[in-house]
Amino acid sequence: MSGIFKGAFEPNIIAFLCNWCSYVGADLAGISRIRYPANVKVVRVMCSGRVNPLFVIYALRHGLDGILIAGCHPGDCHYLQGNYIARRRLVLMRRLIEYVGIDPRRLRVSWVSASEGAKFADLVKEMVDEIKKLGPIEQFHENI
Amino acid sequence: MKIGVYVCHCGTNIAANIDVVKVVGYAATLPYVVVSRDYQYMCSDPGQELIKKDIYEHKLDRIVVASCSPAMHEPTFQKVLEEAGLNRYCLEMVNIREQCSWVHMNREEATRKTMVLVAGAAARAALLWPLTAREVNVTPTALVIGGGISGIQTALDIADNGFRVYLVEKEPSIGGRMAQLDKTFPTLDCSACILTPKMVDVSRHPLIELMTYAEVVDVQGYVGNFKVKVKKKPRYIDTAKCTGCGLCAEACILRGKILNEFDVGTSKRSAVYLPFPQAVPLKYTVDKDNCMFIRYGVCGKYPACKKVCSSEAIDFNQKEEFVELNVGAIVVAAGYDVFDPKIKPELGYGLYRNVITGLELERLCSASGPTHGKIKVDGKEPRAVLFIHCVGSRDAQVGNEYCSRVCCMYTAKHAYLIKEKLPNTKVTVCYIDMRASGKGYEEFYKKVQLEGVQYRRVNVAEVYQKGEKLVARGEDTLLGEPCEIESDLIVLAVGLTPKKNAKDTSVLLRIPQGSDGFFLEVHPKLRPLETTSSGVFLAGCCQGPKDIPESVAQASGAASKAVMLLSKGKVLVEPFTPQISEDICTGCGFCIEVCPYEAISFKDVNRYGYSVKAASVNEALCKGCGACSAACLSGAIQQNAFTDEQLLTVVKMLSGDT
Amino acid sequence: MNLDKAKIEAKKMLSRGEVKYVIGYEIGTYGFRISPSFARTPEEVDKFTLSPLCANNLVTYLKVERSPPLPKGIKPSNLKVALFAKGCDSRAILQLIAEKNLSREDVFIFGVPCTGRIDPKKIEAMFPRVVSKADVVEKDDSYIIMIEGKDHPVPKDKLIFDHCRSCQYPNPLVYDLLLGDEVAAGEDYYDSVVELEKQTLNERWNYWRSHFERCIRCNACRNVCPLCYCDDCILERLKPQWMRRSVNANDNTVYHLTRAYHMAGRCISCGECERVCPMHLPLMKLYKKLEKDVKELFEYTPGLTAEEKPLLTTFKPEDSEEFIK
Amino acid sequence: MTATEIFTLPKNRMHAFLGALSGYKLYAPVLVEGVLLFDLITDLKKFSCDAALSGNPVKPPKALLFPQTETMFRFNVTRDVDISVGKDNEGERIIFGIHSCDARSFLIFDQVFDRDPSDPYYANRRRKTVIIGIACNIPGANCFCTSVGGGPASKEGLDVLFTDLGDRYVVETVTTRGKVLIKQVRKTNPDLMAECQAVDIQKALELHKSAEEKMPRNIDLDGMPKKLARLSEHQFWSDISSKCIACGICTYLCPTCYCFDIQDEAAPLSANVYKLVGKRVRVWDSCMFPEYTLQASGYNPRPLRIHRIKNRIYHKYKWHPENFKSFACVGCGRCIDFCPVNVDIVEILSKVKAIRD
């Protein structure tokens, strides 16, 4: 949790964005100067299909409060089908963490195209608000 | 391991919202970091020199640059590393402009985020290893989408450079908007006269394959090697046989019954038609939405057109065809739509017949237009004509905040033409701000005023009918008092908008649209012709409103960008192929299944004397998506530069933001 | 009797040198224990037994030490392995083939139609400290437990594995020799999973935590699993270290979540992981959940054919988007 | 060893007795989700004698002195490293309800961990732990303590020994430490324990004897080390090992297996100032895992189960005896009870004996 002001809970969220759509979309949000909270930190991958769902477990275990994974819209994948495969994996992973009692809202998957800068910004705002409500991830608290 | 960290101010773009100095101080404490500096403009020559010097002096192994988006300057800094003898893939960039300083206004938060990102980048950099980009050949052919003046110019320039060009136009003829114009400002030369020769050049050019009445429906592949699927809509006319004589149109039983799009509805045509006399190709087209025979299977006893066509060009059995094109570069010259004034009903368009748009006036003025150049309202010549500026431009209410940049001048041209044709008619122009910035424009504006055209700074609120007359009510913003202006004809200076299907095109080519809906260039100043998907360039109004000279200039620019790519003949493909640890691979074949390019296959490897199957990659086929790495259960297959370890170390670092 | 049929065939194959060995079951060293039995000679086949106690999924032996270092000059044998396989075991075989980790011609399968197996934890709780070798026969809806010549009839459902009750595939889906007549499938239910799904997030978390914190990470669940065939498991890797070595509720959770995700669309519900767990972790509640989700979301059931592509390597454009926006 | 003192304690006063052990952390067997485990008793109601008697806890008591995960020290790495060894704030502890076999396992641990140089983590806990045992009247199905020099009522490693006479316990102090403890209890609760009558002592001895006779598994291990020395290359090891699935149950649940692995576990603190905070942990390891002997080069001297099983047997019945004059096995039978594939150490040993050479 990144508390800038003492006490205030600032969710620490990691975002895996695909290089061709979502990362460009995030850049567009910047170019268009659309403001959104600083809680989300982006990791660039070539394709949402690169994201191994076990990254989610790893991130949660290391105390991240939320994980966002964004890729091209179904059908628009730069690599034809990466996002389709990612979708299956992540839908299952989300159900799995929910089943063991981790709030599934901590894992978000979205399709953000290169021209959806505004959507990306909204997505981040929404997710940050949501996770602020959920509070810091307690499950794996004693990290080290 | 020695890492250098470089944080860019980007003038104030970054420094204004991020405490760069603090970040640099922090970076110095990170593992392996031996140098950590900030600079005004890292991408500038001195900035680059700074990095090179450090690489030499401190024997740096890895470089972290925190600046703008890698989409912007990754190649720049990769080159720096190479010039200093480092492998270009030993660079890790941190996007602290587009994804930080430009979106986070709280300096403290933005700085904090930057520090954590830099920490992640440094950790990842330490785990990067040198890679060699692969060279792949470029298909020496270009695709130009859109046959307006921009597309035409682009196609001609590329072809004149000796490269094959496919020019795809969705209408039956090339020519685009310019073909609809009567005269062009400020020189008043006839639009057709300067455009038609170029159209003909296109049709005659040995290296240009013209595909009219066709649309791009799918684009796959990447810079240098795009696979494009084009849909050829059926014309129901065998273009090889059609002589363009026009007898079919004469004979068509729907003759004069169908609105003519080219004349923006100011005239009627047949179901089989030629958009305009100078059309290229000079081939007729059957409009399947209206043709009786196509709609109902019968047209009288026997379709009249078929009866009269001696060359038997009419063929109702034509089906739509799909053709696959391989091209190395794509230029998008998709053009624009004109603003639909119905969105502003207060101006009476569609309500009063004598409220028309500028484009409609163009057709009325045109000698080849429906009225052969005569301007009449209900058969009478208008005694007073009123022009209203900025319809659908600079107007937040309709969501177009931009200036369409051509309306002031084309209205001036219209006013002039009317004065020329009807010297006694009173011509008033209601403007908001007069913009005549182009070469010879201001002079033309003066000239028009001298012709007796009255310019009034009036903000028109509504238009209503008063007997025969139309009354425009508004506020004279110079006098600061309300005013009403009577006229017989009102011409709306409608603005330019993105094409209705711009979104589809954006998806098709994976090029972003700006907030205004026009396609987005990589950089508004320095890379106005390129898009974020490399190998795809922009020409003309699809990138934003332009007048003809600008469009032509940009078209030539885009052409030369494409030619640069094609003539280089090779492009570097990122070496983000996977590496396989054969001793870990279980041979389950998951990676083979998920690979969309069949780049992975089994090979027999010897494991302690046993022959076992293990995955093996064909780098030539691999496009580097990394799906295999995520599919692998044993972690045996790892994508270069995106290994589990390299990615997870970032996760770990970011997790430390507590 | 069916076992005899199998023994005859097994001896034949061994004496002809057609198989490396035959893997079956033999009465264990005490009480209700059953031991996997490797017959390398026709004589050793006589040890074989077949009873409701024979729960082990012998398919797991097709994956352990698949390529042991060979003495110089010795060539790896390419002989078949013959083994007994119940319905679930046969699905493991099919899944292994689908995942290219086994070829059909490498195994000879004695197909065992299965009416369910006895949960050793249950029977040893009911008959504690039984030293002498006991045996069990099935009779209608009950088991006759035979201890030191005394017979104790016990209703089946008191001793049978929970997951056997809802078994959908009691009959081998692939075999070379079927031992006995096919049996009827139980009805498909996920009561315990659904019941857990109904609880709140916190209740579920506490439920799993209370179990996971007991885990000693002995790896029995992983090693016994016929489909955990990586020679080098990512859970033991240090670069990157997916899971810390510390044994505590947190990292044990990581251990089981990782394994569970890796089993998604692959687990064939043989229940071995739960059977071998010395700490009584209700692992089948985890794996049944996966089975249920995979069925619901993708109409997919692993281990039914050798041709089907593994679930997570394929997709349908119309796949569920669920929460994705 | 001082002369023992013997008392009787009514069963229904057990809680009173345990309650009187103030100043100690009390560990005793409790049933958790059907699994018998040593646990810290914070609420005496949680504790039932019958549970404690129902058999050997699944997880051996070594876990209390040699936890599966031990934090050796914490570190804090910036440009330089600073290390802080945790303050030992563990008070005195009592392990109650331990069986004789498990108690003997501490003697074996002492041989390894509490000699010069001694392992501070283990030794420290060892010194602070009083061990109260309960004689086992009914051995478990796979018990063979008597074959490895122990017995169901062996006092080795115990400070106090309880024997269950049905409605009461015979409480016998074994060490001075035990004496002191009992004295303390009696001081605070004078009427709790009575001097033990001769008949009860007699009863207890009979129970001990009958338990010994009931011992289900017996094997004469005389000369085992030498025998093993001669069989190291024998074929039958491969028959033994073919069914092993190489899990860690036998070793983790073994009260005498003491192998461990050492790891640094750290996480970065990357906000504002960078530092790496973490700890060095010691975790149980098992010679049954391939990783156990895997070398950095990738070479593994014990690549196969046959090598590893052999190692386990040899360690317990050859090498350790040769070094310490006692088997590294207390005959608790856990490895047999919980092996999923019925690898039976007694059977293996009998086979070894049976081999003619």
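Every chain is named by a letter (A, B, C and D) in the order it is written, and numbering of its residues begins at 1.
The rule we apply is simple: contacts are C-beta pairs under 8 Å (C-beta built on N, C-alpha and C of every residue); 3 or more make two chains touch, one makes a residue touch a chain.
These numbers were taken from a predicted model, which means no experiment stands behind them.
In this view the innermost chain, defined by its CA centroid being closest to the centroid of all protein CA atoms, is A. Two chain pairs, A-C and B-C, are weighed by contacting C-beta pairs, with A-C ahead.
Look at where the CA atoms of chain A average out and do the same for chain D: the two points lie 47 Å apart.
Each chain gets a centre from the mean of its Cα atoms; for chain A and chain C, those two points are 37 Å apart. Between the Cα centres of chain B and chain C there is a gap of 58 Å.
For this pair, chain C with chain D, the centres built from the Cα atoms lie 31 Å apart.
Counting partners per residue, chain B has 112, 116, 120, 583, 594, 631, 644, 648, 652, 654-655, 657-658 as the residues that reach two or more other chains. Those residues of chain A in touch with two or more other chains are numbered 2, 53, 58, 62-63, 81, 85, 89, 143. Residues of chain C in contact with at least two other chains: 68-69, 234, 242, 312-314. Chain B makes touch with chain A in their complex at residues 69-71, 95, 97-100, 102-106, 108-110, 112-113, 116-117, 120, 220, 222, 503, 506-507, 510-515, 520, 532-533, 576, 594, 596, 623-627, 629-631, 639, 642, 644, 647-648, 650-652, 654-655, 657-658.
The touching residues of chain A, counted against chain B in their complex, run 1-2, 4, 12, 14, 20-21, 23-38, 41-47, 49-53, 55, 58-59, 62-64, 72-73, 76, 78-82, 85-86, 89, 113-115, 117-118, 121, 143. Those residues of chain C that touch chain D in the shared complex are 28-31, 33-38, 56, 60-61, 64-65, 68-69, 121, 125, 128-131, 210-211, 214, 216-220, 222-224, 236, 244-248, 272, 275-276, 278-280. The residues of chain B lying in touch with chain D in their complex are 26, 29-31, 112, 115-116, 119-120, 123, 583, 652-658.
Chain C meets chain B in the complex at residues 66-70, 74-76, 99-101, 229-234, 237, 239-240, 242, 262, 309-310, 312-314.
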